[in-house]
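Mind looking over this structure? Questions follow.
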Amino acid sequence: MELVAIFVSAILINNFVLYYFLGICPFLGVSKKISSALSMGLAVTFVMTITAVVSWAINHWILIPHKLDYLQIVSFILVIASLVQLVEMFIRKMSPPLYQALGIYLPLITTNCSIMFLALLAALRNYSLAEAVAFGVGSGLGFTLAIILMAGIREQLDLADVPEPLKGAGIALIVAGIMALAFMGFIGMIK
Amino acid sequence: MDILWPVFTMGALSLLFSLGLVFAYKKLKVYEDPKIEQISEFLPQANCGACGYAGCRAFAEAVVKGEAATSGCPVGGEEVTQYIADALGVTAEKVIKKIAWLHCRGTHEAAKNRGSYLGISTCHASHLIGGNKQCSFGCLHFGDCVRACPFDALYMGEEGLPVVKEDKCTACGKCVDACPRNLFELHPASQEIIVFCQSQDRGASSRKMCKNACIACGICSRACPEAIVIENNLAKILDYKKIEPDKIPEIEKCPTNSIGRIHKDKNEG
Amino acid sequence: MSTRSIGQEFVKGLWDENPVFRQLLGLCPTLAVTGWVINGLAMGLATSFVLIFSSLVVSSIKKFIPSQVRIASYIVIIATFVTIADRCMAAFFPLISKNLGPYIPLIVVNCIILGRQEAFSSRNSVGRSFIDALGMSSGFVLALLILSSIREVLGVGTFLGLQVMGTWFKPWIIMILPPGAFLTLGILLGIALHIERKTKARK
Amino acid sequence: MKVKTFPHGVHPPEFKESTEEKAIHSMPPPDKVTIPLLQHFGSPAESLVQKGDEVYLSQKIGEGQTLFSASVHSSVSGKVLSVDMFSHPAGYPVPAVTIKNDGQDRISTEREEAKDPFSLSPEKIRQKVKEAGVVGLGGAAFPTAVKLSPPNDKPIDTIIINGCECEPLLTSDYRLMLEASDEILKGAELARIATGAERIIIGIEDNKKKAFEIFQEKIRDYPGEAVLLKTKYPEGAEKNLIYALLRREVPRGGLPFDVGIVVQNVGTAKAIWDAVHDGKPLYERVITVSGQSIKDPNNLLVRIGTSFESVIEFCGGLSEDANILVMGGPMMGIAQWSLDIPVIKGTSGILAWPAPPPRLEYSCIHCGRCIEHCPMVLVPTRLAKYVKYNNLTEAENWGILDCVECGCCQYICPSNIPLVHWIRLGKDKIISLKRKKNP
Amino acid sequence: MTDKIIILQSSPHFKDKDSVPKIMYAVIISLAPAIFTSLYFFRFKALVLLLSCVAACLTTEALFLFLRRKPLHSLLDGSAIITGLLLAMTLPPSLSPELAVIGAVVAMAIGKQVFGGLGNNIFNPALVGRAFLQTAFPVAMTTWIPSVMTKVDILTYATPLGNLKFENAVAQGTLTSLKDLFFGNTGGCLGETSALALILGGLFLLFRRVIDWRIPLGIFLSLTIFTGIFWLANPEKYTSPLFHILAGGFLIGAFFMATDMVTSPITPLGAWVYALGIGLIVGLIRFFGGFPEGVMYSILFMNTFVPLLNRYTRPRILGGRRKG
């Protein structure tokens, strides 16, 4: 039950994008088309899941036993950076069109704060391995949900008469604001 | 001892991941000719597609592969051609500076309307249902070409016809494609005389529809028979180079002003 | 190499290349910590500290870093300064540090910092990089200040904790919550772009 | 009685009362005819005559060059005045032959009659149809000979005779069904023989009960049946008609051939009979002249090439209030700006009425009515928006090329968006882009 | 002919009579019963709120149209009036008009005009305004007064759903009677108290074919099934589906908010998914969420899905897959 609660809460209630404001750059940058939003979301989910496992392992087997928790930031970022680079190379080799679509945003997963935040928060809340994984997958799916919804809305807004200065990031942020409002309805569902 | 642990930990971690990366780099490398990047950066990045490729990068790839000519970018002009040629180590082909001109003088005043047009305000849409002007060949005045121009080289003049700003025109050909009636044509910048009409209607009927239509009277072709002919009720310049400068005043006697010097208007006012 | 004068190098960060309003970088902390002016300010200063020092380090050792691992190296450098900042905050301003929570460590992945290293410090001299970092930092702090002032004044009726709105004012609690952050920044971006277009049109 | 129909579609007011009881009237040939060499779907015919030539009635004056082309015949006897560009009802100039009528109607000697047409080989029937320049008389003017030549790998089992006439105002097919039912059935039988089909189905809308009863009676002599269809627009659109009658779906981008069907309009069926039996080329057709601004609305048998002006003149002229003139039906017809336009093979009607003042256009409110009524089950509002915002790839993905431009969406749209116009624009852009890519 | 004004247009040349303003004014007419009941139960307070919301919506719309140099005729298409009315009807009667005006301005500006005006907005404007107010002024938005018909002399009062959630009304046996819910003699937002008036309006809209019948039906079905399962399992703890249908903003949401053409799916299948989703989330929030009422949030939440639904539930084109 605890695991389900962590999972659902990460998707709907404490959504990384709409509640914690994490991963805003890719959220705005890669949400112009549903297809690329979906791949971005899945890429993030994938990296998040691996990060949850690896950072848990580092934290529990290396840092905590040796009281090196002040090295969290440096070691986590190192793990994430390498992981992302691996994923990037992998996608580039396997699916060049996907690589073209994600463009410069793949390296930005490195600087996607949501992944770092995930590792830190899992460490802070002292999650067990299973909890960390549930949290990682949930957060990733929450990000995917938010970015796909956003992409759908933006594709429809491409056919709308949005005022010139608001086109692009402006209207996207306003939509995100209203989405955050709508997601607030789930508050209190899981304590 | 305290200091050793962190150093060791971080060192070990770094080593592990760098090894992984090195391995991946070797295994998953994708080769790309660095020239593509180099050329692509020098291109105008207008992504106008005038070269026939999907954007500047695609053109760069094609040039490197040898599929496109070094002078394939009409927008960049000689500078870009030279650069590409240098980058690829071949000699540059010669580009002639061209400018797009409108072949119609059916102004608001001259060309009559068919009726009140209720529809989408673009030339193409109007053309689909026959056009809002009586003349089936002339300009429709909705400015599809102006919207298509990526270089701000066109604007709608007060008389209802699009006007080309010569200094800004790069001969990318966007307006040629945009005009549903093919009224634009690219001419070498040196060409001074063009025919300002494309109406193939008989003189009598085209005259009724538009005051400035070519009525195929033949004055121009009599002045320069080897350069200008009348074909399909329309004057046609076969070879501009054969027009002798001293014959120009005679050509300009055209009763409907449908052939003449491009810059006449400009010089007058 | 940049061809701007030193003055321009500094000023560009304030408006022309303002990281938040023009380049849309570092939006995560911009949105997250601007509910209160004091938090926004602290975040801005901490980020500036990291940005300036890592720019100095990166620009001075740029020749020794092989290009394949440059990003990783920058991150390690940045992470080191972030850890320092985090520890200092915790030691000297425990309350603010608690408020900002994990957002301070997240400076490490702030795109502004990495972006500047990649785009500027790795290609320019130490002095220029310093000025650039200073300008960008000021731009960032400025953006945070604007956003947090709006949100705090409308959201609780205070500025830096001082009551500024009269008693007639009913605070809009939404402004200090997530939706308020998105809406305010969205509208501000629109206004910024509008001003930009107007000035451009005038030129 | 149970009536068949297809899903979606609209039901605009019919306004057929003014002409449905008026028998087909033969209009005397005018002094001068202008016969465009392009009257069909495809490429123009090549002119066979020159200025000054003497021509006979029904003499071939234009030869169809390609597969998708049809020959053109003189509709009067007399002297060729000119071979030149002339305004076509579609709005652009095409080559046309102008002939001065000598009033004699001297018939060309080339005409050959067939004594026993039903014993002719399919090949011979097709050849005679092609020779006579028969095209679909429903409006699209698809060369009939092509329609009667199904590819070998696509066996045809049914000939559908389209007697729906779902367009408001038009009654020419209805009158033809009442007055020439035998010829129509004989023509259908010939088409059946030519394609090797097993049966004939005649689909008639239930507002034409009288015609239905006649056909129900007479079709007993042929393999087939007459079927009553619901009065709905566009019941007569090929793909919808096939679905309504047989519940078969013509694949997207495909032809009725693909589901073993050939559809012919009633007028075309009669023209096939005339061509094969009498050797009579298609030089005249029945049209409806109607609308509020026509003083004496009527159904007329008119020579091809007669100008709209003389037709309207014959019907008592145009009243003062007329400000819209349409060739064809009000849902799919083409607005004309001049009376100096000739009747062509595809002209099913000439309509004129005072147009109401234009209504304000609002933005799309996503009411979904266009989707509810689109007979092709498309999403017209999206298609129009994709064209408007220049996203042709998406427009194509959403099936813009399947639109038949029937006009249901625009008829029903509460926001008055010119949906059909946008879609036509998009289709034209996409097709010309494609042509550019692979010429 | 040529000397007259000739109309050149693309086919079709016939046009149905229905138009956007007609549709909008039909919605306004359908709201009339609910407006009258709200005036009857809350008198002057209702009048002030209704007027201030409508006026603020119209002013905001006019301002935007003016600034964007758009034709002013769209001001009179009735959509701004509907937004104002719907917003007012979802406000508690005790709310002060200034706050209502803030909500109305937000509804029109952020809910509608920033997207480009009528037809382009993603979210229901009235609900955006309402959600903004709810989050900005949570206390003012949850302070209820009894209707003038209730002879209780207290300042604050719980809505039937609030009663259900926070007072444990099922166990206490203090549940509002279904009769009061039906006629509207309860506390609650201006327009949501009388089920009868809302059903009348809703039926008019269905009859006039302004709204898609699938949406109200789908919402009813999914809420009934969801609450029904819990009710059958444990009638001591949960209330009957009928109570849930009549109470709170459910009817106004199902008939007037969720069916807003602009923000609901355009395809039939999409409409079903959308409606079922709304009903389900309403149930989830009412049973497990932190708020007593979830209609507003569930509609806004499902609004975010509409573009995706439009895209992935588009109908199958006649003829199926494209040949070649």
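We just call them A, B, C, D and E in the order they show up, numbering each chain from 1.
As a working rule, a contact is a pair of C-beta atoms (placed from the backbone, for glycine too) under 8 Å apart; a residue touches a chain by one contact, two chains touch by 3 or more.
Computed from a predicted structure; not experimentally measured.
Novice: Taking CA centroids for every chain, report which one is farthest away from chain D.
Specialist: C
Novice: Looking at every pair of chains, which two share the most C-beta contact pairs?
Specialist: More C-beta pairs are in contact between D-E than between any other chains.
Novice: Could you please state the distance in Å, as a whole number, between where the Cα atoms of chain A are centred and where those of chain B are centred?
Specialist: 45
Novice: Return the distance between the CA-based centres of chain A and chain C, expressed in whole Å.
Specialist: Using C-alpha averages as centres, the distance is 21 Å.
Novice: In whole angstrom, what separates the CA-based centres of chain A and chain D?
Specialist: Averaging C-alpha atoms per chain gives centres 59 Å apart.
Novice: Rounded to a whole Å, what is the gap between the Cα centroids of chain B and chain D?
Specialist: 40
Novice: Quick check: what residues of chain B touch more than one other chain, meaning two or more?
Specialist: Residues 18, 21, 25, 114-115, 118-119, 125, 128-130 of chain B touch two or more partner chains.
Novice: Two-or-more-chain contact residues of chain C, please, as numbers and ranges.
Specialist: 174, 177, 179, 183, 190
Novice: Residues of chain A that touch two or more other chains: which are they?
Specialist: Within chain A, the residues that touch at least two other chains are 71, 74, 78, 82, 85, 161, 163, 166, 171, 174, 177-178, 181, 184.
Novice: Can you tell me which positions in chain E touch chain D when the two form their complex?
Specialist: Of all residues in chain E, those touching chain D are 1-2, 4-16, 18-20, 22-23, 73-74, 77, 79, 116-120, 212, 261-264, 266-267, 310, 314-324.
Novice: Within their complex, state which residues of chain B touch chain D.
Specialist: 114-115, 118-120, 122, 124-125, 128-131, 134, 136, 200-202, 233
Novice: Contact residues on chain A for chain C in the complex?
Specialist: Touch list, chain A to chain C: 18-25, 28, 70-74, 77-78, 81-82, 85, 107-108, 110-113, 115-117, 120-121, 124, 163-166, 169-174, 176-178, 180-181, 184.
Novice: Considering only the defined contacts, which chain E positions touch chain B in the complex?
Specialist: Residue list for chain E touching chain B: 5-10.
Novice: Where on chain D is chain A touching in the complex?
Specialist: Its residues touching chain A are 363, 382, 385-386, 388-389, 391.
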